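What follows is a set of notes on a single structure, which appears directly below.
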Amino acid sequence: MTHRSNVEALYPQIAEGALRRELDGELPTGPVKRLKDAGLGALRVPRESGGDGLSWPELVQVWIDLAAADNNLPQAFRGHFAFAEDRLWHHRRGQDQSAWFARFTAGEIAGNAWSEVGPTPIDSQRTVLTAQADGSYRLDGEKYYTTGTIFAEWADVYVRRTNPHRPEEGEDDFAIAIVDTRQGGVTVVDDWDGFGQRGTGSGTTTFENVAVPAENVLPFGDRFPYQTAVYQLNLLATLVGIGKAALEDTITAVRGRERNYSHANAARVRDDAQVLARVGEIAAAIYAAEAATLRVAAAVEDVAAAAGADGASIARLNETAEVESAIAQVVVTDLILRATSDLFDTLGASATSRAKGLDRHWRNARTVSSHNPRILKSRVVGGYLVNGTPPPYAWAIGVTQRDAGTAS
Amino acid sequence: MVSLASEHGTDTVPVLTSAEAVSVARRLSAVFAEGAARRDAERILPGPELDELSASGLLAISVPAAFGGAGLPVATITEVFRILAEGDPNIAQIPHSHFVYVNAVHHQATPAQQEFLFGEVLAGKRFGNAQSEIRSKHVRDHATTLWPAAPGRWRLAGEKGYATGALFADWIPVLAHLDEGGPLHVAWVERTAPGVTVVDDWDGLGQRTTASGTVRLDDVAVSDDRITPYHLTFTGPQTYGSFAQVLHAALDAGIARAAIRDAAAFVTTASRPYPDAGVERAADDPLVVHAFGEMELAVRGAEALVAEAARAVDAANEHLSAESAGAASLAVAAARAATTHASVEAASRLFEVCGTRSALASLRLDRHWRNARTHTLHDPAAWKVQHLGRFAVDGTLPPNHGQI
Amino acid sequence: MVSLASEHGTDTVPVLTSAEAVSVARRLSAVFAEGAARRDAERILPGPELDELSASGLLAISVPAAFGGAGLPVATITEVFRILAEGDPNIAQIPHSHFVYVNAVHHQATPAQQEFLFGEVLAGKRFGNAQSEIRSKHVRDHATTLWPAAPGRWRLAGEKGYATGALFADWIPVLAHLDEGGPLHVAWVERTAPGVTVVDDWDGLGQRTTASGTVRLDDVAVSDDRITPYHLTFTGPQTYGSFAQVLHAALDAGIARAAIRDAAAFVTTASRPYPDAGVERAADDPLVVHAFGEMELAVRGAEALVAEAARAVDAANEHLSAESAGAASLAVAAARAATTHASVEAASRLFEVCGTRSALASLRLDRHWRNARTHTLHDPAAWKVQHLGRFAVDGTLPPNHGQI
Amino acid sequence: MTHRSNVEALYPQIAEGALRRELDGELPTGPVKRLKDAGLGALRVPRESGGDGLSWPELVQVWIDLAAADNNLPQAFRGHFAFAEDRLWHHRRGQDQSAWFARFTAGEIAGNAWSEVGPTPIDSQRTVLTAQADGSYRLDGEKYYTTGTIFAEWADVYVRRTNPHRPEEGEDDFAIAIVDTRQGGVTVVDDWDGFGQRGTGSGTTTFENVAVPAENVLPFGDRFPYQTAVYQLNLLATLVGIGKAALEDTITAVRGRERNYSHANAARVRDDAQVLARVGEIAAAIYAAEAATLRVAAAVEDVAAAAGADGASIARLNETAEVESAIAQVVVTDLILRATSDLFDTLGASATSRAKGLDRHWRNARTVSSHNPRILKSRVVGGYLVNGTPPPYAWAIGVTQRDAGTAS
């Protein structure tokens, strides 16, 4: 039994409770627990370290199908897969990551804590990691949109590092602190108030004088370069999964419809050519969206597999992955949003019952796609193709210290 | 300037001119818009707002001049609907059947019934609706029946669903068979009559405060003079269907306009510019502006078709024939299809132009999409397109019924 | 009923009422439609057709009543354009600048010039256009100049491109600087004047027979009385741009309608039904009908916006202000954007409903798409959307120039 | 050097002449000749038989890139790849096909001659193969839309077989005759009068008393089952290639534009956000279309690789490939048609010059997609998903004798 097969065995049960959790506004705490136990967090961990060693296209297929079962779950694990990828990147570049791999195979996961919205100016961070006299650190600050952290043993925190004890070491720099959320001083509040993706655990995390050992502080410049593409890919997979769930619900609802319009083409709705054609169009949109998303996964795989290559090759592959993720976002967003809104055209007025929750697919897709407006991505793609302008985030991590918190 | 219809005594509502009606509608719409998000969030039914609407005279503008009413054209009624819906489409939807039944009285009732029922409207009373039956196979099957009780007296029994407006009505016109399997008639029962129960069990994802619940009729006594023939017999050319439909179209056009209005308000005050756009305000980003332009274009197109359709209904009322009624139905079909598309699209694209923060549930900005998506399913837009297609291919006029 | 304007003598064209103009346009449109495919295939310029158009009086309908013309409103002129374009949009495009320059004479010429030039129009003469210069960087840069020759006499030198209508014109109004770098004026030169060469070098993928070629001006003698100020100075509110644009919109609306008409004719006579549809005629396939419905819907929406825009231009002409002119420009922007979309889309979807056989080159059914695609690039529709967007976001009125 | 690399080396030269051939209405006879010599026809032939042994996704990528160089070429080879696949299918099922493989590697190709339009009733064919007393056959008849046959050494002809010498052998049946086009009696006329795909060589082929040896007559029922999916896939690849060429032309044209609208967002067109966004949208549409097409290729590969499996497995895989090709067609057609028409929105009036031929992309795409109207395919997809109705052609070949000539 692979971790993957254990994970996939959970889908029917997870899917069954998804609508109820949505209507009750309940976090998917139980499903997340079971997925952690089943080894979802270890899917990319190398086989020799107890993981499944999945490729990116394989992992993305898992994300898509998981999102079809419950739209929130891949996003809830997004921060984990990014952090785990960073560990894998360094493993491939020769660093020993066995301690982390052991944690992941034991079911521990990490959440994300990078964003500071509100008054935070670009290129500054109010979450501060202060070096102590003994070489360890203390962390104070507040992060928003900490997706998945509420479910996680570890928080992956983007910080400003300061060393009051050794001013001679120069100015503050930016770093990543990996914080054990199980200790006192870490508070996670699920205050996410979106009308979609309500169960992603995208809350606020507060750190008050939290201890961080020195080995858990990582230089920001060493971060794996394709994090932006991975983030986008996670959102793309979520969109596709939402689309697949919407299609499934549509087909079920069409099969169940009894009343047809009296001048319709056929006595039964399920035989009506117009209705079938619309279902076909929705299915086709989702088919293309899934194909495009898996193609981006292949581009991410290319850069991930190049961990040992020279910097120029990595940069080139990373740019490709980044551009492809932007390209796919333009078209996938459009296809899925349209599909989740158009599905109502195949159904009658009874489809608008709140209890059926058929609007959740649109609300979820709309929320996911608000992360990076499609209309702005299309300009990035056009600028790259016409003028060779690099996508804005390909160079953001590991090269400059531009606010990476916006790269979500 | 609102003039009081003093000849009906002080108990009557104002009789408005077209210009007055539009201006009163604008004023009320602005008021209704303020509370719309909160009513949607907390599901507060708009009782006081409906009373204000009745008092304004807007619900009496279709009463014929011969009966002391304003007798305003469909073009004005439609524009009033559109304006009110821009404020709160829930409030606008509630009197939809009121106007439809005022129209029915005009065409189907006896002079005595007209005198009485129009008088009620001029006195500020509202008509509801109890038409659809949920358990039927086809949308237009009915089981509710007027059972004979004594000469000239009947008892009405049955259950109706999606009864928008019934909760707030003074009179509920109920579609029923006259005796078992007999011809369809309309039984006019008072909301407060013994045996009439209105249950507020509507729980849709949008149009949440329309109170489109269930009406139960438990042996309600009805006398002959409160029974009118079914106005939907459609034995000859009619504009009954196109009139009802153009008001639906106006409602969706109002939702679409409201979505653009709220999107513009958000973008100019709350959206952050995208870092790479190189502009100070999100509202100056040419791609945001372009998206607004596309939304504006779709909504203007829909509005133009609504206005065109209303004029076509007026024209058919003036010279009624199979051709003029068919032309009105086609114009209305185009208006319905265009407003369906424009309202759903504008309400969805709102988030594309406003960005991440607009997705906060507390803002209730998704209510526009939920309202549009719910109301546009009232009857299928795909069928409007089909009728337009039949006309485009073969010159076939649409069928003669109440949904087009 | 066409009445002859006998007071201008037998040499003048009929002065038409609005109803007559529409009915004459319908008759000519049907005639023009017959030869449109062949003219496109063999690139036959429509000389006789243009003469028929002039003789009908349709090219004189915008001459003000004070000068003995019909003085018909923009609404009628626009509808005439749309109808003619449905027959053959090449023929309709040729007199576009004619109407624009009649309008210019109305607003910018001296009474004596008006008397003369309007007289020419009433006598059946046509105005062309020589405005754009191909080699300029911005669309509105110009190098053509009227060089001083003697007091009151000038010689005109330069080269103009995209000069639609010039080949068939009696008078060519040429946009030129008055002296080197001086203010822009319009020099009126006769098509047959020495030094005027019109080259039929237009080879576009669509609108192939508009003769939109090159005009070479080789020291053409022009006297003061044939020079009018540039009507595009835009120092105050104007409807010059919106009038020109609404005619462009009408032209695309006509193409769209023609595409539907030809598609319906093909589907009902030549298409085979898809075997699995289970219908006898392709025209009865609900999905084919649905596609027609969508095309019809888009085209009706575009037509409604064109009519609305024309009325807005008339309204602005009646009460000219920055607001009324801006509203007209926005209405026209919506019409242009909608007709662009509807014409390209209907002309492309034609093949979706007609099936494989419609792709035969000899049928020339692709000419609708080529015509639409070519004419809609006249100036960018994206900018119409941008102006609508600026208005929707911020209430910003569009700029004051000739392309909106 | 593989055949593939030889083929790919020809693309720049082929692309350079494509516009000129289009404007001159010239068949791509030279490019076809060079492609045959380079081994295009042997790409699927097993390596041990001198071919490249390409998988279906690999072959489809070649088609796409070839179509980007010249839209006509993959379609001109469509009949060949179908016939070659039939040979490969029987090779995999244990029949010796070395003679055919040798011909293919020597540069010989086959064209298609299946369609009889006009008065031909379903389930009858007026092209007749008559058995001779000596066991050989003679062929008479006329076929339309014989795409590629004008360039081919062989014609793959769908016929009615009759045996006047042995009436006791029963009624006429349907068969495939493989006809050497180099002999007398075979006439191919390029009378294709479409406004697009003008160089595909889709003409009329006439057979007059043409000799066919018995070994070149194949039972219709033995045809490889996924021909319909292969045909669709060829059209999909052509559409995607057209899209890629259109995008390339658009980018070049945008870079070259000097005049901008005076109220525009930027002085240079190539910096205008609206223009760039539109280019980005076109690119995104083509990206998704290509991804969907390659995904269909993977489904075709699955059935092709199952040559040795049981009938039920083959039928199931074939149905999947068929449905996926229909699904992809719905969305790819829409994406490419829109892209080839929308490209003008990024350009000015000068783009409408006939000499630039920018309309050819739309004309070509429109012609390709008229082969199988998208609106009808969407109903097939919907019917399959909602009611489980099998796609109409999955069972047409090898099971019934329904007119396979419509399966194009």
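We call the chains A, B, C and D, going by the order they appear; numbering starts again at 1 in every chain.
Quick note on the criterion: a contact is a pair of C-beta atoms (placed from the backbone, for glycine too) under 8 Å apart; a residue touches a chain by one contact, two chains touch by 3 or more.
None of the values given here were measured: they were computed from a predicted structure.
**Student:** If I rank A-B and A-C by number of C-beta contact pairs, which comes first?
**Tutor:** A-B
**Student:** Can you name the chain that lies farthest from chain B, using the mean of each chain's Cα atoms as its centre?
**Tutor:** D
**Student:** Which integer distance in Å separates the CA centroid of chain B from that of chain C?
**Tutor:** Their C-alpha centroids are separated by 41 Å.
**Student:** Just how far, in Å, is the C-alpha centre of chain B from the one of chain A?
**Tutor:** The computed centroid separation for chain A versus chain B comes out at 43 Å.
**Student:** State, to the nearest whole Å, the distance from the C-alpha centre of chain A to the C-alpha centre of chain C.
**Tutor:** Each chain reduced to its C-alpha mean, chain A and chain C end up 53 Å apart.
**Student:** At least two other chains touched by the same residue of chain B: list those residues.
**Tutor:** As it turns out, chain B has residues touching two or more other chains at 277, 285-288, 290-291, 382, 386.
**Student:** Give me the residues of chain D that touch two or more other chains.
**Tutor:** 273-275, 277-278, 375, 378-380
**Student:** Residues of chain B touching chain C in their complex?
**Tutor:** Per the touch definition, chain B meets chain C at residues 260, 264, 267-268, 283, 286, 288-297, 300-302, 304-305, 307-308, 331, 334, 337-338, 382, 384-394.
**Student:** Under the stated contact criterion, what part of chain A meets chain C in this complex?
**Tutor:** 265, 272-274, 277
**Student:** Per the contact definition, I'd like the list of chain A residues that touch chain B in the complex.
**Tutor:** For chain A paired with chain B, touching residues are 122, 193-196, 198, 258-264, 274-275, 278, 337, 341, 344-345, 347-349, 351-355, 357-359, 362-363, 366-367, 369-371, 373-376, 378-380, 392, 406.
**Student:** Touching residues of chain A toward chain D in the complex: what are they?
**Tutor:** Contacts found on chain A: 247, 251, 254-255, 270-271, 273, 275-281, 283-285, 287-292, 294-295, 324, 326-332, 335, 375, 377-383, 385-387.
**Student:** Contact residues on chain C for chain D in the complex?
**Tutor:** Against chain D, chain C makes touches at 136-140, 162, 203-206, 274-277, 285, 287-288, 290-291, 344, 348, 351-353, 355-356, 358-362, 366, 369-370, 373-374, 376-383, 386, 399, 401.
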